[in-house]
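Below, subunit A partners subunit B and then partners subunit C, in two separate complexes.
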Partner chain A sequence: MFLEVKQIRKSFGQEQVVTDLTFSLERHKTLSILGQSGCGKTTMLKMLGGLVTPDGGDIRLDGASISHKKPEQRNIIYLYQEDLLFPHLNVFENIAFGLRLKKHPAKEVRQKVETMVESLELQGQQSKMPHQLSGGQRQRVSFGRAIINNPALLLLDEPFGSLDAGTRQRMQQLFKKIAGAFSITSLFVTHDLKEAILMGDEIAFMKSGVLKVYKSKQAFIEDPETGVQSEIGFWKDLK
Partner chain B sequence: MRFSVKPFILSLLVLLVLFPFAYLGLLSLAGDWRFPDVWPAYIGLRNWYAVLSAETSLWQSFLLSVLISVSVATAATFSGFFISRLVYYHPKQHLLTLLSYFPYILAPVVFAACLSFFFLKLGLFGKSGGVVVAQFMVAFPYALIFFGSFWGSKTQQLEKLVATLGGNLWHTFQRVLLPMARGMLLVCFFQTFLISWFEYGLTSIIGVGKVQTLTIKVFLFIKEANFYYGALSCVLLILPPVALLYINKRYVFNKLV
Partner chain C sequence: MRTKSPHIGILFFLAIGVLPFAAAFVYALLYSFGAVGVLNTSYTTAFWAAVFRSGEFFKSLGYSAAIAAVSVAVSVGLALWLVLSYRRDFEKKALSFVLYLPLAIPGVVAAFFTFQLLAQSGFFARITYALGGIDKARQFPDLVNDPWAVGILLTFISLVTPFFVLLFMNVYKNERLGELKTLAVSLGATPRQVRWRVSIPILLTKTRTLIVLYFIFILGAYEVPLILGQQSPQMLSVLIIREMRQFDLAKIPEGYAVAVLYTFIVSGAAVLLFYRKKKTADAF
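Here is the complex of A and B:
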């Protein structure tokens, strides 16, 4: 397995936020994780990204332990719900940010950014500043800035949470397309049932710090705890 | 046609604001102006030539003030920026912020009197370096408090994002935090420059009359009842703040809005 998480746990004071988290993920797959607010999803992602230190357990990426590596050495990119574009940089420079840090040649940076801009359907927006973009465009730039670095693992923390329904749907389709084109391995956290089913190759449910990974989408749908059955019941009763 | 008083009131307000400056300018050019004359007997550049003469040493005071204020403002702005990050990310942030208000609960003269023993022991009494250190102790907490609003949760998230994108702390400051804070750094430099530029209490005690900044000179001339040189020093005193105000208005405030 490409990503292996073994018995990771974390507590803040007396509160156990993540309990014996164990799961694995194949390369180039997306695991979507459904969970209500405060169930420990964000803490779990931050531990994988190196932004929060776990109390115990091990994280292995491509066979090697990364538990003691600093965030900048992990090649794991964490994307917040907010797009967090750098306000002093235009679209081009925001996307090129990671490549500039790694001192890629200017010609290569231009070429890669232009390809990315095309994939993100942002042609003609390169010189715009973040405040001149719509919510969906900003989120696309944020994706581009992460994916252009070819991360080993992409962590998405409710990335479409602040978008309206229409933009959210378009962004879901775009993400699926880009994740496939750039062979991205990712963990996609959401509290939206439909989004969890749509976005993941595999699916998991998190409750009170405990993660349950399902063998198939069918198993996820059939489990009454996930809320899918009650959702189906609601729409049936409406008829 | 409808009569409006608004333009008259506005003109009056503008006149009221400009009058002290115009009067200072006139006084700096005047000589032999005695009661009950309504106009000075002499108007010319005589006083201004005196700026360059050794008699008043105003020119040296002006340069010394610029040097002290630029040093204080530069040191306070940059140390304030970096140290405020430590303060506002610290678990005891509220206590540390409260402590940074300490220099402002005492009058500058009392504060200077409390510090004078230590300045004497360190050999900083009556030295320009001592005045820089003393003024820094007032300007630095201001900068610390000023940058507090910059270190919010969004800045923390940006710092973490840079880390996951492969950047270290140097990259974070160089490529994100300093460019983002450019406007605030300039405003803080301007404000701390003003704090230092107009500082009198600390400077007079720690400088013990040996460090004659322009502000000290203004008070000396006024004590001597030399209104013409007093006005001239005041004109010199307001020149750098006016220049800074213009630069801030032209290049900083417009971009911040």
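Here is the complex of A and C:
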């Protein structure tokens, strides 16, 4: 398996936020993780990204343990819930940020950013500053900035939570397209049932710090704890 | 009624804010050309020619600009370092009080404190003498009324740094710099890259107008250089007041000429600054 997480746990004071987290993920797949607010999803992602230190357990990426590596050495990118762009940089420089850090040649940076801008359907927006963009555009720039670095693993923390329904749907489609085109391996955290089913190749449910990974989408749908059955019941009763 | 109130506001602003200043400026301009004034009889450019010929104005302008630039640069640098290294400590009540306190101290009081501390007969000189570091007062380094303006610079830095610390802390919070730093780390930035490519550029970009305004403010400062400055060159405001209060009444128009010149330079800089800011804002 490409990503192997073994018995990761984390407490803040007396509160156990993540309990014996164990799961694995194949290369170039997306694991959707559904869970309500405060169930430990963000802490889990931040531990994988190295932004929060776990109390115990091991994280292995491509066969090697990364538990003790610094965040900048993991090649794992954590994407915030909100479309957080660098306010002092324009669209081009925001996308190029990671490449500039690694001191890629200017010509290569230009070429890669232009390809990414095209993939994100952001042509003509390169010189705009973040506050000149719509929510959907900002989120696309945020994606582009992460994906252009060719991360081993992309961690998406409710990335479409702040978007309206229409934009959210378009962004879901765009992400699917880009994830396929750039062979992205990702964890996609959401509290939206439909989004969890749509976005993941595999699906998991997190509750009170415990993660349950389902063998199939059907198993997820049939488990009454996930809330899918009550959702189906709601729409049926409405008829 | 609603349509009238903005006009009343503008008229009030013109009457209170613009008209007295404009009248004073016109009076100074006329005085500098000999059109008004006790000893003046007719229009002349002699006073302006004298100002340009003596070169004292430009020496004073350069001296003031250097002091303002060093004070602002050191204060901004110090404030950046403090905010990026000790932000959490400054959020505590006791330390935040330490930050606010210098803002309440008037320039003249701060200058007096500096004088009492750093003069050759001051507190530090006496301690050094008591400890056997010096035998005579004049052996203590000249830190006030000195050619390098050490006293002036220290006073301005101690007055301005707390302001920039508070300003940067506010921008840090409003711009969500903490989250942007985490994001940069996630994108592969080392702590050094986070500081130089994210934290410092954001803090400076968001505050550059205020930094320039503080430069202009220090350029025209009066009390601090009056108490702690040397005889020549003097900072601009001190030079202007000195010229205007000369016993030789014929010299007063030269003081007005210097004041007019100074107003032109500062107003021009302010207009340019806000024009650029507006242009940038319009582009956004």
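Definition applied: the second predicted complex is superposed on the first by the 239 of 239 C-alpha atoms of A that agree within 3 Å, B and C clash if a C-alpha of one lies under 4 Å from a C-alpha of the other, contacts with A are read in each partner's own complex, and residues count from 1 in each chain.
Operating definition for what follows: contacts are C-beta pairs under 8 Å (C-beta built on N, C-alpha and C of every residue); 3 or more make two chains touch, one makes a residue touch a chain.
All of these numbers come straight from a predicted model, not from anything done at the bench.
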Exercise for the section: Could you check whether subunit B and subunit C clash or fit when both are placed on subunit A? Expected result: clash
Practice task
Determine, under the contact definition given at the top, whether A:M129 touches first (subunit B), second (subunit C), both, or neither.
Solution key: second
Practice task
Could you look at A:G144 and tell me whether it touches subunit B, subunit C, both or neither (first, second, both, neither)?
Solution key: neither
Practice task
Figure out whether A:G209 sits in contact with subunit B (first) or subunit C (second), or with both, or with neither.
Solution key: neither
Practice task
State whether A:Y80 touches subunit B only (first), subunit C only (second), both chains, or neither.
Solution key: both
Exercise for the section: Touching subunit B in one complex and subunit C in the other: list those residues of subunit A. Expected result: 49, 51, 71-72, 75-78, 80, 84, 86-88, 97-98, 100-102, 145-146, 149
Handout entry: Touch list for subunit A against partner subunit B, complex
Key = 49-51, 70-72, 74-78, 80, 82, 84, 86-88, 97-98, 100-102, 145-146, 149
Exercise for the section: Over in the complex, which subunit A residues touch subunit C? Could you list them? Expected result: 49, 51, 71-72, 75-78, 80, 84, 86-88, 97-98, 100-102, 129, 131-132, 145-146, 149
Handout entry: Residues of subunit B touching subunit A in the complex
Key = 154, 157-158, 160-161, 163-168, 171, 175-176, 179-180, 182
Handout entry: Complex contact set, residues of subunit C against subunit A
Key = 175-176, 179-180, 182-190, 193, 197-198, 201-202, 205-206, 284
